[in-house]
Amino acid sequence: MKNNPKLKEMTLAEAVRVHGRTNGSRSPLTLFWTGSGIEVNLTGTELWIEVEADYETYEPWISVLLNGAPISRQMLTAGRYWICLFRGMSAGSVKHVRLLKDIQAMSEDPDALLQIHALRFDGDLLPVADKPLKIEFVGDSITSGEGAIGAREEMDWIPVWFSAVHNYTALTAEALNADYRVLSQSGWGVLTSWDNNPRNRMPRIYDQVCGLLSGRRNEELGALEPNDFRSWQPDAVIVNLGTNDEGAFHNAGWQDPATGERRKKRLNEDGSYNEEDLGTVEQAIERFLELIRSRNPRARIVWVYGMLGLGLMPAIYRAVDAYGKRTGDRNVSVFQLPNMTEETVGSRVHPGRLAHERAARELAGYLRGILPRAGGGSGSGR
Amino acid sequence: MKNNPKLKEMTLAEAVRVHGRTNGSRSPLTLFWTGSGIEVNLTGTELWIEVEADYETYEPWISVLLNGAPISRQMLTAGRYWICLFRGMSAGSVKHVRLLKDIQAMSEDPDALLQIHALRFDGDLLPVADKPLKIEFVGDSITSGEGAIGAREEMDWIPVWFSAVHNYTALTAEALNADYRVLSQSGWGVLTSWDNNPRNRMPRIYDQVCGLLSGRRNEELGALEPNDFRSWQPDAVIVNLGTNDEGAFHNAGWQDPATGERRKKRLNEDGSYNEEDLGTVEQAIERFLELIRSRNPRARIVWVYGMLGLGLMPAIYRAVDAYGKRTGDRNVSVFQLPNMTEETVGSRVHPGRLAHERAARELAGYLRGILPRAGGGSGSGR
Amino acid sequence: MKNNPKLKEMTLAEAVRVHGRTNGSRSPLTLFWTGSGIEVNLTGTELWIEVEADYETYEPWISVLLNGAPISRQMLTAGRYWICLFRGMSAGSVKHVRLLKDIQAMSEDPDALLQIHALRFDGDLLPVADKPLKIEFVGDSITSGEGAIGAREEMDWIPVWFSAVHNYTALTAEALNADYRVLSQSGWGVLTSWDNNPRNRMPRIYDQVCGLLSGRRNEELGALEPNDFRSWQPDAVIVNLGTNDEGAFHNAGWQDPATGERRKKRLNEDGSYNEEDLGTVEQAIERFLELIRSRNPRARIVWVYGMLGLGLMPAIYRAVDAYGKRTGDRNVSVFQLPNMTEETVGSRVHPGRLAHERAARELAGYLRGILPRAGGGSGSGR
Amino acid sequence: MKNNPKLKEMTLAEAVRVHGRTNGSRSPLTLFWTGSGIEVNLTGTELWIEVEADYETYEPWISVLLNGAPISRQMLTAGRYWICLFRGMSAGSVKHVRLLKDIQAMSEDPDALLQIHALRFDGDLLPVADKPLKIEFVGDSITSGEGAIGAREEMDWIPVWFSAVHNYTALTAEALNADYRVLSQSGWGVLTSWDNNPRNRMPRIYDQVCGLLSGRRNEELGALEPNDFRSWQPDAVIVNLGTNDEGAFHNAGWQDPATGERRKKRLNEDGSYNEEDLGTVEQAIERFLELIRSRNPRARIVWVYGMLGLGLMPAIYRAVDAYGKRTGDRNVSVFQLPNMTEETVGSRVHPGRLAHERAARELAGYLRGILPRAGGGSGSGR
């Protein structure tokens, strides 16, 4: 029936699992990062969520997985309204529903917003169990799934081409039966962004809930507040950074608008990396490892790299090595991911769905070898 | 920018291609069949459509393809409202957009409705060229894409599990560079439906725009009007019927509520099909071929079968043979599609996405051999 | 050690399984048909066989499978000599060895010969168990695996391009856990060969051990003797004929050198098959079905067709239907195999390894549905 | 015809391309290393080679590729005799034939021998052109293709399980259109073998033709002579060593039979590698890089690793880095190969054919990016 009289409305109860760093509020729940969202076990026939979306430029997109299978993906235009996730199902049986924010936190759009205010459903919410493993991913556009959807010729930088579903993060977590969080931003690096801007580095905002956001609303929403690391301690932190730091060697320099100071990672005349500038990248890697370790004392830290070239791999190995030697921390390693090929390229000359599937297969295999509680067989397939 | 002042609104202009049988009106455009929809070439940055949806039980779903790649799929809840198909793209370049109704016409829900009232966009609409080939598909749940989406364990009969995109019809047409139309209904057959109901046969309604719909609104919308066959003459008609006629041999009989008369296709004691009843199926096939031929004088007609078993294949061959011998029509043939396997099953124990991809690969290969204007290389892949 | 003093020599003992129709002698064992050979379970470290090969034109090739995996394939030049199948293995464990004749019986070379005289080995021969299912394949070049090996550009008609291993017969049997025999000859049909020669039809020689061979030696070896059908009753007979009968419609006619009589299957002016000639093909199919049934009373008979086009499929269905109606035999059916594509073509414009793998996958799936004792999961993979 | 009167016999003429390090003699040609062999372009109908094989324990195997496709693989038992590579082909057209030694040089069997004495053929030998690229591979059992053939359960250490054809070396060279040579030995490392024996390290014998062989005959054949590096300068040297050095940390120590001295790479109590012992491995890597560079001044050197675990990867990166820093040599890099998985394992718990195909795909992609003359598209497929 079109109008189900049994529907009841409530804010996000305890039984609803929340994924991703939050400001602590569930009323409403603000979704900052890509891959963040909610997970629900419901015995009822119908489920709606009340969302609120806003933006100046970059509108949010969401995906819904029902019993593990992706069933919908849609743009959320500005406003506060109800969306139906499913209806007409049999009463009694448990439906497992997962809603994900499909796009990254948008550092360039202070008005970007995605919130979930409430649920409307019949039947009962049952608890969603923790998975036996927790993984945190930190990265750039690759980790944001930029290019994992859309035609190859697409070149506009817009949200539609981002996917949190056909993404090596989600696929790796699925293969290992892990809960996961993602922190990522296109163009950012460990020392600077692709255009040599030193503000646009992930370590700078690692301690905050979602520190790359700007604007008063995001501040009021707590995006800049310290993250509560104790509440979610991952078994592994996967850092996929370096691709934009490498790009910065080849791109124009950046001038600080305040001081006029110029920043530029330099190439030698023979095209090799300037050693001094390479050294600053390595120091940035070391410092980030220290920071991650201080916040995640028991996590395996894996620096992954290679889906868009291997240029900085020796520097990454040196830095991880130096960090390990200096600190005695043996719980850190490096893993090379398969490079994108002509066969696996997606939109925006970024890794496509097939590239993410290959990366997930290799990474899941690696993690299975080093994480005692990693689950599953050999597949990362969906 | 959130609110684009350059947006203009209009009803579906000539430049918009419409797919699927319609009542002739574009204001609004009523989408009856699965795979029906619109195709647009737009130079602008943003495109919205105003939809109107209604239903008592089975809500509509749509999918959007941008430059050939699926980018969104969503449920349309009841009401009349605007949906944004894309925004924020570069002005000037031509975006090719296709919106498809993802679910079949719903014979069981007289209130089911999907209409497009208007477009809102900036830039210019450019004409969409005809493809060099036209194909019409007539079938049952397989052709409706039932089960092509969703987890394997799903068993509820609800719209979400239908897909017009991961469907052998769309994939075959894409492989051959063809425009196409689909007429299909779950459970229906060429003589009776799975439950022996003689009303639920596709030939009965082949002459009407969408004659399986009921209710006053559908009647007023012209669903029961004669279809204008002259306006769209296909190069090929692909009939994928027989699976439910076969099922009817194994299922309980049907009693006519008006007359009390009982109908039942019978099995012999040894489990083989009763010859008399098999004969009535063959006669129904012959009659349907005559009807299709009378409406499509130049079309190649191909009866395809086999994605859910081969039980009636000898009867189909006999009937096609008898029809050809009797009429001298040489432009009719039979083609076996690959059976669903454990590896390719989808939801609702129906062919999944992989089964549809395999079927499309084989069917496209076959049609390429017999249709002079069939395009493309060897792939039906997406 | 190079010379193993423990080796003992013996003729083919009872423990050695023999595959394929034979003249009854194991001393020596004459291998007539493709896929024929021996199967051995040996606890020893080393195994040799004494072969004798001869030919005027077409030399024999063999393949060896060790514990199910192909390990060698080689030409056998003329002479009588010893070949080592394996050496240096651990004593005690059971090695399962299978040697296959990789090429078809060569009707055009009366001197062609392949015999196994003796074994030399250490350790013990253990019995090889019967598989729970028996399948007989009857076919033409497709069934002979012509083109399943070699580069695509190869066009010489020579034995090297034949494979009994990467062949749908072997792959189907493996998938179903079946013993199997193959009777096949390139260019032959059910009524005539590709060049309209009525002598070159498989039914003519079905009753003999290997009746397509000529020459005094083959006659002395018993190739023309009646086959002992009682000794090996298959659960299924798979007939893959028709491709050359179809070709004969398009090729030049044949003149009987004795009588001067001409034979030619004719096309109508519009390119369709002449009905009268098509009728003789259908009669030939019916008669062959009668013959097969008379020799294999309990076997499921399946006529398969389609790996090189579907031209005669309606005639095959008609003939099978007519046979079934006339005789009441319900244990006969038709199954379409996937057509060769640009992707799956092998050498000599014949089905390649990938085409055989696909055909085996589909055929094994079909047979699993109709043969109660058919084994295995879904794969035919090796 | 069985006996071709046009056959002529000759030793290996200039037109015959020889692959692999040799002692300089073509009369006979001694094949030392896996993947070594001959390449012939022949217009004739028939080709034979006269081989001589010997061994005490490990017999040689060869594979033949005809126009690029593998057509035969066979064991060569002891003796001097003729083998027919093909016969019955059309005169005139050019047949490209490649014969490869399928197994590694056998350091444990001083009697192992494989020689080619002469050719017998009709028609003309045409020159075989150099490929635009040359690659040298140096490695252990992985590079020897141990396990790339045979059933998974096989555990005997015998030649049959080695393949030079389904091997990442051959597949990478094919994908890049490169000539190549392989130096490899199961169990050997860069510092020691798997059992800590310091003699069994590839650098020790890199300067010799095939210095790991022993026995008077090999010495007389020139196996221990200095290799003539000037005659074959590769564009790339791929070193795939470290897997056995890593294994040595976990295995028992080795005692020098002469001095009684013990050698053992040690693990710390927490299971990590002893730093001092790790340092000696790194020094060995550095020294080997120096040696390779001194012999191959212009070659790109790539150390690859990872098909059987990543344990020593940090040490490899450190050593390559230290070498580069110390020498200023920028033409050296490291590349991680995909790890073997349950899906890709072959016989003897070593990488199977699928693992080699994946490794070749990744390595070819990497080399295509750094070698200017590397050919081809994206595939390494055969």
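Labels for the chains are A, B, C and D, by order of writing; each one numbers its residues from 1.
Going forward, a residue touches a chain if its C-beta (ideal position, glycine included) is under 8 Å from a C-beta of that chain, and two chains touch if they have at least 3 such contacts.
Chains and their UniProt names: A, B, C, D = SGNH/GDSL hydrolase family protein.
This structure is a prediction, so every number in the text was calculated from the model and none was measured.
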{"item": "Minimum number of chain-to-chain contact steps, subunit B to subunit D", "value": "2"}
{"item": "Partner chains shared by subunit B and subunit C (touch criterion as defined above)", "value": "none"}
{"item": "Reference subunit C; chain at largest CA-centroid distance", "value": "A"}
{"item": "Cα-centroid distance, subunit A relative to subunit C, in whole angstrom", "value": "57"}
{"item": "Between subunit B and subunit A, distance of the C-alpha-averaged centres to the nearest whole Å", "value": "38"}
{"item": "Length of the line joining the C-alpha centres of subunit A and subunit D, rounded to whole Å", "value": "43"}
{"item": "Overlap residues in subunit C, where contacts from two or more other chains coincide", "value": "none"}
{"item": "Parts of subunit B lying in touch with subunit C, wherever the complex brings them together", "value": "270, 272, 306, 309-310, 313-314, 317-318, 320-321, 330, 333-336, 338-339, 341-343, 362, 365-366, 369, 377-378"}
{"item": "Subunit D - residues contacting subunit C, complex", "value": "1-2, 54-59, 61, 66-69, 71-75, 77-78, 84, 86-90, 111, 149-151, 153-156, 158-160, 347"}
